[in-house]
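We call the chains A, B, C, D, E and F, going by the order they appear; numbering starts again at 1 in every chain.
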Amino acid sequence: MHQEIERLAALALSEDVGQEDLTTEATVPDDLRCDVRLVAKQDGVLSGIDLFQATLRLAGADIEDWNARFDGERFLNGEVIATFNGRARGVLTGERTALNFLQHMCGIATLTAAFVEQLDGLACRIADTRKTMPLLRRIEKQAVVDGGGVNHRYNLATGILIKENHIAAAGGIQEALLRARQSASHLMRVEIEVTSLDELQQALEGGAEVVLLDNMDLDTMSAAVAFTRANYPGVLIEASGNASLDRVRGMAETGVDLISVGALTHSATAIDLSLLIEHA
Amino acid sequence: MHQEIERLAALALSEDVGQEDLTTEATVPDDLRCDVRLVAKQDGVLSGIDLFQATLRLAGADIEDWNARFDGERFLNGEVIATFNGRARGVLTGERTALNFLQHMCGIATLTAAFVEQLDGLACRIADTRKTMPLLRRIEKQAVVDGGGVNHRYNLATGILIKENHIAAAGGIQEALLRARQSASHLMRVEIEVTSLDELQQALEGGAEVVLLDNMDLDTMSAAVAFTRANYPGVLIEASGNASLDRVRGMAETGVDLISVGALTHSATAIDLSLLIEHA
Amino acid sequence: MHQEIERLAALALSEDVGQEDLTTEATVPDDLRCDVRLVAKQDGVLSGIDLFQATLRLAGADIEDWNARFDGERFLNGEVIATFNGRARGVLTGERTALNFLQHMCGIATLTAAFVEQLDGLACRIADTRKTMPLLRRIEKQAVVDGGGVNHRYNLATGILIKENHIAAAGGIQEALLRARQSASHLMRVEIEVTSLDELQQALEGGAEVVLLDNMDLDTMSAAVAFTRANYPGVLIEASGNASLDRVRGMAETGVDLISVGALTHSATAIDLSLLIEHA
Amino acid sequence: MHQEIERLAALALSEDVGQEDLTTEATVPDDLRCDVRLVAKQDGVLSGIDLFQATLRLAGADIEDWNARFDGERFLNGEVIATFNGRARGVLTGERTALNFLQHMCGIATLTAAFVEQLDGLACRIADTRKTMPLLRRIEKQAVVDGGGVNHRYNLATGILIKENHIAAAGGIQEALLRARQSASHLMRVEIEVTSLDELQQALEGGAEVVLLDNMDLDTMSAAVAFTRANYPGVLIEASGNASLDRVRGMAETGVDLISVGALTHSATAIDLSLLIEHA
Amino acid sequence: MHQEIERLAALALSEDVGQEDLTTEATVPDDLRCDVRLVAKQDGVLSGIDLFQATLRLAGADIEDWNARFDGERFLNGEVIATFNGRARGVLTGERTALNFLQHMCGIATLTAAFVEQLDGLACRIADTRKTMPLLRRIEKQAVVDGGGVNHRYNLATGILIKENHIAAAGGIQEALLRARQSASHLMRVEIEVTSLDELQQALEGGAEVVLLDNMDLDTMSAAVAFTRANYPGVLIEASGNASLDRVRGMAETGVDLISVGALTHSATAIDLSLLIEHA
Amino acid sequence: MHQEIERLAALALSEDVGQEDLTTEATVPDDLRCDVRLVAKQDGVLSGIDLFQATLRLAGADIEDWNARFDGERFLNGEVIATFNGRARGVLTGERTALNFLQHMCGIATLTAAFVEQLDGLACRIADTRKTMPLLRRIEKQAVVDGGGVNHRYNLATGILIKENHIAAAGGIQEALLRARQSASHLMRVEIEVTSLDELQQALEGGAEVVLLDNMDLDTMSAAVAFTRANYPGVLIEASGNASLDRVRGMAETGVDLISVGALTHSATAIDLSLLIEHA
């Protein structure tokens, strides 16, 4: 993760700075230092503080006296999340990019935590999906973990999930499962998406090791869980589809093992954070 | 833009595919082709259709009979945005990444269009900010244009905007402006952020060529516009701060030239789009 | 795989050609074409013919009339594997690099096939390991498949395998398994290495989903298989350690599911192949 | 070489680690350190110890108390080659890649040393060829030197060697030599491959500065050396073709200056080495 | 600028060193250190001393006791520009590349200073153009600043300058200006090239914010300045075309704001500098 | 060379275009095409026409009806060097970069040709040095060849040249030669720089295969050549130092084999060339 953080910070700074920060070079003395407080402007869950720091450091902030909260901790509107002393030029040049990262990651962690909170007392877990912002999957998946969720497969090479179109292309649920299980590494379980009890039954008979109940109403989902637990006790059950904050507890109460939520990453909004800077 | 599209599509596919798409390789015949419809699941403004297509192409979709709407056009829930025929493997492997791009760009274009609509009949324009998703600025700025907005400076090297902390570091508004104007290329205007009428007056006396009225209430903003128009008719006026859909028309009616809105890029949510695939 | 092939061919050519092929530029006319036969100088299994072709193409061979055997096919000493017509300069410049790739991949495929042949009639499979040539894992794993073997996890991110040192660090087999299972994705099985029946029992009690019997003598291995099949029928069994051509059938006959063989990739020797070139 | 070592270590780790080392992250405490011994499991010649160390360092091993033998030294089965203390996570994550490099380089150095040993007391030297593992030429050539051999040209840009196909394309030995000498830098000697005494004579008359006797039997080779030494005393003589350990001394006794051996790099097998790890 | 310096130094060293510095490795002891003086062999203006140092450092010079003049300072033939102590191997390997950079940058700074000197007492400034050495624009623009000049736009994305061919393509001066002003960011001024008083008048009426008087004789230029100052006092005036050292003062005396000079970067010759090395 | 041309064109365009060509996008219709003539504004020798074309092509010029002179040919002021038809946007966007390359390469080829012309009737050749523009060595060396010169070693890895500081570090001429010859590949000749007859004699006794007479007056040079030819007939002789156009024939008449001239690459000025564009 460390090298990925450095790589992302460098790419993002290069994007935002270009040849040089014209304004800061012109107006801020080269040797001026400042005291900085990173302050929350709304409640949230912290995620990305290392990337925030790495970005400022790469921007030339020459950070000293760094003191910060940890990823995964909750913060309230008005709380100080980090304090440090730095070169004013580096801080001002890196500020926007560092905040762009942090606000996005905190947004995801905070939304994830809200989902997780709904499941209080249940064994069911909240998982992310592949509906991530292109090029930012690594840090988005980290933010989901910081918010208390778990990660689904990282990408198409690290897990097998047979969807509707794969089934159609293979010529049926059983044929698709057969092919996938032959090709699967012995370290991988084969998961398949089903949308009805009939498809579920075919999938379980075909040797599915994980089933994804997609877009089922709660009654069907309950029946699906009951059937699976009774007949195929070793099979894991995931649910997905319209998993809103309102609906997620009901989904979990059907007894599924995990619920995957695309909105965690494709529609989290930024958490408002701000740098207060005092020149020495 | 063409090379940037290719570059982003390749990077994003590499992130999502990894070594190989295990599921598709196992279940989908190599030579199977399919007819595909890209369908809207909610109303919106199209942006990113070239990137969508490039992503599928790079994933091996071998696209034929491509037929699609144009960026900037509005679509309604249920409308078909594009149709094409392609290799099933390539379509399934590239589907998620292509949609991740397109849904995000449409999200930004749609939100931008909502802001622009509020200003109907006024000369005032909606601009983006540097509050973009790191590594995706280029396409996010394109989405703002597709939604009817205009682009603020691309990055720190392509425009001068003196903010509060630059002023403090330079020792005052006039000193900051003096330094910035000496350093500025003859092709650039110097912009400065002010938060009160007093600061505005100092900025205009100091030779500001563009002023940014930040976080002013509407009365102050109106007074600021009036003062500037009366005394410094060549100066351009930008406004920013809490520019919500509710509030933006009021801001525009004060007579400012443009309003910059961070939410366009930092908090747009994905537009729901879906691929309907029929195997030949 | 296609993009990886292009990438490897380009890097390898750049390594072998440097600024320019001094000899060929000096001695071979620019427009000379030639007929080429790729001939086997020993028996083997073909692997890497696409990479071979891509390398020549990138070297400027302008290939026409390409006709070649397929990966996975056996060839005998003296057989023609491919024929084509090409620009003489490109063929000569790319020849060595193209053969370096092909001879190495055929070496691995041929050695793998020899192992697989030993297991004729048994359900047990031959798998590779992570003992690959750095930077060449992708094509080496392909060569194993072309030789009839299967791939173990691609890298440390695509599978969990707890080894002796992880156990020691975690404080015991059960603790290591507990931690690994908590952290594992629902799509992954947890594998653990054991070297005795006692360790095996602990591992199975701790919830191991796959066990790796490492460096056991055949009697112990048989006992391990019997115990596992009797008490934990869903658990997969892998064996490793000194899996030579002489010993591998005996290992397989104990009833293990797969045998992993480091030598497939770390010690395969090149298959002798040669280009016969006739200038038009 | 230092930058190349860093580059290779980073690329190879990235290949083997992927997004993260799932097993080690789950099972090994973040702050655990360990004492490590690198031990030989067979006799050999050391090569690549810097790359081994760099790989572990990049993997996060935070190495202390490093103590190691030097490249080029012989080691016996059971000997300790290096000892150090490191972070357990980094050591376990980097172990396989570090060993993959080291075992391959030691394999080459050990094989080279075996060839060199055959020539004891003779002035003849053992050289490598361009039959290297793609992307690993730099370290393979270093391993040859560590084993006591010398390097032939690094690539096609750093030396001129006219082979059979160049001769055919140019229209004859003399024409090929003429073109090559006109094009050659004044700092380079022109070498040409010959397979008979007749070709040798033509080559020497044509101004060859180095001759490569390819695939000659020993008698012909002796005659070729005698003729060259008598008539063209300044010309260097290389021999190649089937230079096995059995045959190489006979070849050297014909009086050639150097013998190039493709097997050094294309068919060296890994030397068995092992990390013994003790957690503090 | 710091990261760009590192990047350029690394690329240039890689170009000049290749696999290794054969001569230095063979002849210079690994631990030998030396005292070095960088001496001017002709008068000039210093530019690029940081890049010079970075190059030697990356080459392994392990620099100590560094003592150097500053960029922008004048030096005379025979003066010592820098002194330091370093590893002999690193100094010798990096010497040529470090000097290639420094001599080129000093050449540009020195030529720029000669132009600037001609304008002594006038407000007119000397600017560079886009006629730079490909891949070296960043450091060439720095050298112009070190010589007392100012930078024109960095590239095509950081300024709008309408030239003759744009006018023709757009269908006239006024149409080109209209389009450019609509597309221009509010932070940019639109510049247009004119070659006659008639074109000038059209440009000013069309809203040009900066005019470039190209290839005008001095009388026309004077008239153009007079007309512009009288009628469009806010408009900036640039002149270009055959701006030789002989002619530049005359151009400046017409009252233009800046004069752009392609020769600063496309035709500056290297300043002769030399390293005097004393081995300890 | 082809891939290097593409690589350089892409890097240089990226440098000059940045995010987009604001002016051309705004003013030139997307589908406008134009007829273009590349015209010489002074006499010269052509070099770089492929790179010129590749740059325009990459910029989107969609070139048709390409008709151009060949590298190495002389052109006169006013002559048309190339004609073609292209997309106006691509031509205007790529024009400056394409010309920057071409004017620089023609500058070097033209200066080289002027030196070569001085040696008319003599066997002596003109060579370049390592005093090249960083990052542009490949094309500068090509330009020297196009001007009729020959290339010295490409970089420090492709030739051995012992200079004054290597001699001092090694402890003397003979010691330096001994070490270099031991380390040299059998395909390389060892060259050494000498500045007096005494040094020359030591070098020849020490086995130098090429001598570089550096900064000698013509009488000493003549004596050096005479001594070498008489006593070491196989040794090649290079001369360098202050090789101006005035002085170079005198140097050549001493009988040296080649003269290396740093100015060819470090101080060639651009040849004035211009694109005449006519919109269809």
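Simple rule for what comes next: a contact is a pair of C-beta atoms (placed from the backbone, for glycine too) under 8 Å apart; a residue touches a chain by one contact, two chains touch by 3 or more.
Because the structure is a prediction, the values reported are computed rather than measured.
Note: Cα superposition of chain D onto chain F, rotation of 180 degrees, nearest 5.
Two copies of one chain, chain B and chain E, form a contact in which over half of the residue numbers belong to both partners. Look at where the CA atoms of chain E average out and do the same for chain F: the two points lie 23 Å apart. Taking the mean of the C-alpha atoms as each chain's centre, chain B and chain F sit 47 Å apart. Our note on geometry: chain A versus chain C, Cα centroid distance of 34 Å, whole angstroms. Annotation for chain F: residues 18-20, 154, 157-161, 188 touch two or more other chains.
Across the interface of their complex, chain A is touched by residues 127, 150-154, 157-161, 185-189, 191, 210, 234, 236, 238, 257-258 of chain C. Looking at the complex, you find that chain A touches chain E at residues 19-20, 60.
On the chain F side of its complex with chain C, the touching residues are 1-3, 138, 154, 158.
Touching chain B in their complex are the following residues of chain A: 8, 11-12, 15-29, 32, 34, 88, 92-93, 96-97, 99-101, 103-104, 107, 130-137, 154-163, 165-170, 176, 179-180, 182-184, 188, 263, 266-267, 269-270, 277, 279.
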